[in-house]
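Letters A, B, C and D mark the chains as written, and numbering starts fresh at 1 in each.
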Amino acid sequence: MRAARLLLIVLIANGKQLPQNRRNFMRPEGLEIENLHLWRGERHVLRGLGVSVPRGGCLHVAGPNGAGKTTLLRAACGLLYPESGRLLWDGRDVHEDLPAFHSALIYIGHEAPLKADLSARENLHYWVGMRRRIGRGALEAALQRVGASAWSERPARTLSAGQRRRVALAALSLLLVPLWLLDEPTTNLDAAGQRLVGTLIEEHLARGGLVLAATHHELPLPRSRVQRLELTDG
Amino acid sequence: MNWTWFHRLGSPPHIYRLAQQLTPWFAWPAAALILTALYGGLVLAPPDYQQGDGFRIIYMHAPAAWMSLMVYTTMAVAAAVALIWRMKVAHAVAASCAPIGASFTFAALVTGSLWGEPMWGTWWEWDPRLTSELILLFLYLGYMGLRGAIEDPQRADRTSAVLAVVGIVNVPIIHYSVTWWNSLHQAPSVMRLGKPQLSLPMLWPLLVMLLGFTLYFVAVLLVRLRGEILLRERSASWIREVVGT
Amino acid sequence: MREFFDMGGYAAFLWPSYAVTLGVAVINVIWARRSLARAMAAARRRLAAGADS
Amino acid sequence: MDEAGNSALPSGAAPVVGGATVWADAASVLDAARLVLERDLQLAMRRRGQLVQPLAFFAIVTTLFPLAISPELARLREVAAGVLWVAALLASLLALEFLFRDDAYDGTLEQYALSGQPLTGLMFAKTAAHWLLTGVPLALMAPLAALSLGAPAGSLPGIVASVAVGTVALSLIGSIGAALTLGIRRSGVLLALLTLPLSLPVLIFGARASELAIRGESYLAPLELLAALAVLGITLAPLACAAAVRISLE
C-alpha cells in the first residue's frame, strides 16, 4: 500500500521535478508545520496552523483543555494524517517516509506507556530495546538518574503517577533521538522531578535536539529558550 | 504526464455534479432493459425441457447473485483506491455499495432457496454456490456492522476499507474451499443448481437482464454516492450551492 | 392468461422469487433517495449551525 | 534525586545530527520483533488465569457434545472432527479479544507504531505470541478431547498436526479482526462476525484432515491446504493487521 502511494508520489514528483527539489534546498533543518487543518469527527480542531521549530528549539504548545494540544502533538509525530497542510522534517514531507521520521522522534503521551504487570526496569528494557540495543549498565544509570533505583523492581501497577512519569523520563534520556514530543511532561511530578524535566530538555536543546511540549503549565525552562504557541478553544 | 483527470476524479464537487448529471442516463436504460428482459424471459422464452417453467427463476436468481459479487468487487476496489490514495470520494463509493450488495445477496439466497424446493425437494441444500452466497452475506453484515460500530466517520471509512480488501482476498479462497468441501460430501443423485442448457431465446433475456441490473446498480450507486459525499464534505460554500438554502 | 400466471405449476416458487428480487430493486431505489435526502438535511443543519470554512 | 551524578551519556549515544539519528547499536527489526514476542510471553506468564481460559473453554465445549448427542463412542466418532474444530475455532476466537486490548489501552501500541520499526513485523511477532499461547496449547489438548470423543489412538498425530497448523491461520486471521475492532466498545460479537466467515476455509480443511486421520486414511492433502492457508496468512495478514492498527491510532 505504502509502496503504491510512494510510486504515485514519485510519478507526480517527476512531473514537476524542479520546484520540488529546489524547495528541499531552501528548507531549514528542523520541524516545520505548514497550514495544518485537522478535524476530529465534526470538530475542526486545527485551522491552518503553521509553525516552525529549528534545531535546538523548544516549542511550548499552550492552551486550555480541548484546544487541540494533544491532537497537534499526535499530528506532529505523523500518527494523524492532516486533511490539508504539510509536515516537514528537514525539508521533507514526513508522510513520504514515515519509518525514517519515526526513528528520529520519541513521543510520550500524558500516560507513560507502561505494562502494569511488568516492573519499571522490564518496561524500560522492552520499550527502549525496540529501538536500541541497550546494555544493563546504561539502563541502570538511566534509572538511577531519574531516581528510580529504589523501586525499579516493583510492578508498574503499584507505582504512583509521578513514578511512572519518571520511568518515561528514563526512556527519554536513553533514546537520544532528535525530536522529542512530550504531552504534559511535568504533570504529577514533584519539584525535583520538574527540575529534572527542565535539565533533560536543556541538555537536549544544547545537543541540537528539538522539543515540542504540550502543557497548560509553565515549562521548567528559562523563558528565553522557549517559543510559545497558544492554541485557543473552538 | 497529465494528472488533472486524476485530481478531478478525487474532487468531491466535481464528482457530485457528475453523479447528478449521469444518474438518468443509467436509470432509464436500466428500466427499459429490465422490462424487456422480463417480457423476454417470462413470455418469449420457451420452457426448459427438464425444469419446465421453473427455470425462469434464473432471470431473477442470476442477476441477484451477479449483483452480490459485482457490488462486493466494486466496494473492495473502491476501498483499496481510497486507502492507497486517501481519496474521500472512493470511501464514499465503498460506503454506498454495502447496503445494495447485502440486499441483493439476500435476494439471491431467497431465490436460490425458492428454486431449490421444486428442483431438489428441499428449501435448503448445501450447494456450494448457495453456501458461498450465505458467507458473502455474512461478509456484508460484518462490513456494515464494523462501519456502524465506529463513531468517528473517517476512522469508520478507513477501518471498513481494510476489511473490504481483506474480504475480497478471501472470497475466492472461501468459494474454492466450499466447492471442495461440497464435492466430498455430495450425494451423487442431487441435481446441481443453475445452468440449464440455455438456447438462444432463453439466453438473451438473461444477458439483457444482467446488463439492465448492472446499469441499475450504477444509477442507485450514483444517488447514494451524492449523499455520502455530502456527509464527508467540509467546504460550506459548495454545499450551500448544492443544497440550495 | 391463467396459464401464464400458473407457470406450469411453478407459480408458488416463481412469483415469490420475482417479487423478492424486484422488491429489493425497488427498495434500493427508495433507500438511496432517502439516504440522499437525509444527507441533504444534515448538510442544511450544519450550514444553519454555522459550519465554518 | 541524584541529578548531578549523571554526566556520562549512555555509551553509544549518537550526538543529534542529521535527519534521523542512527546509533551504532540501533535495534534491527528482528531485535524489536523478538522483544515484542518476549514481552507478550512474559506478560502471559504473569497472568496465567487469562491463559487457561480458552483451554478450559475448549475442554468444556468438547464435553458438552457427548452429553448433548450420546455417550456411544461410535456415534461420537463420526462427529468428533467437526466438534474438535468448532471448539478450537471458538476457543481461539475467545482469546483474540485480549490480543491488542491492553496494548491499545496503555499506549504500547502507539509506541510500536512510532518505533520506526516496520509495524508489520511487530504485528507478526504479536500474532506469533498469540499462537504460542493459544494454538500450541490447543494442539496439545486436542488429543485428549479426541480420545474422549472416540477417536482411535492412531489418529492423534494427524489431529495434533492439523490443529497446530490450522491455528496458525486462525491466529493470523483473528489478528486482523482484533485490529479492526480496536477502539470499539463491546467488540466481542462483532469480532466473531468479522472473523468467523474468514476462518471458514481453515475450518473446512482442518476438520477434513482430522476426519481422515480418525478414519485412518491419508490426511496429507487437506493438511497441505491448511499449510498453504497458513503461509498465505503469514504473508498477508500482518500487513492488514498493521494497517488496521495504524488507522485505530488516528
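Criterion: a contact is a pair of C-beta atoms (placed from the backbone, for glycine too) under 8 Å apart; a residue touches a chain by one contact, two chains touch by 3 or more.
What you see is a predicted model; the values in this text were computed from it and never measured.
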| said: Based on mean C-alpha positions, which chain is nearest the centroid of every protein C-alpha shown? | reply: D
| Between the pairs B-D and A-B, the one where more C-beta pairs touch | B-D
| Roughly how far is chain B from chain D, going centre to centre by Cα mean, in whole Å? | 33
| message | Distance between chain A and chain B based on Cα centroids, please, to the nearest Å. | response | 46
| request: Report the inter-chain centroid distance for chain B and chain C in whole angstrom, where each centroid is the mean of the CA atoms. | output: 14
| query | Considering chain B alone, which of its residues make contact with at least two other chains? | reply | 83, 154, 234
| query | Tell me, which residues of chain D touch at least two other chains? | reply | 243, 250
| Among the residues of chain A, which ones contact at least 2 other chains? | 1, 44, 81
| So in the complex, which bits of chain A are touching chain B? | 1, 4-5, 8, 11-12, 14-15, 39-41, 44, 81, 83
| remark: chain A residues touching chain D in their complex are 1, 29, 77-81, 89-90, 92, 99-107, 109, 111-118, 122, 126-127, 129-135, 137-138, 141-142, 144-145, 147, 173-174, 176-178, 192-193, 195-196, 199, 204, 207-209
| task | Going by the contact rule at the top, pick out the chain D residues touching chain B in the complex. | result | 176, 180-181, 183-184, 187, 190, 193-194, 196-198, 200-201, 204-205, 208, 225, 229, 232, 236, 240, 243-244, 247-248, 250
| So in the complex, which bits of chain C are touching chain B? | 4, 7-10, 13-14, 16-18, 20-22, 24-25, 27-29, 31-33, 35-40, 42-44, 46-48, 51-53
| said: If we count contacts the way the header does, which residues on chain B are in touch with chain C in the complex? | reply: 34, 42-43, 47, 52-54, 56-57, 60-61, 63-64, 99-100, 103-104, 106-107, 110-111, 114-115, 117-118, 213, 216, 220, 223-224, 226-228, 230-231, 233-236, 239-240, 242-243, 245
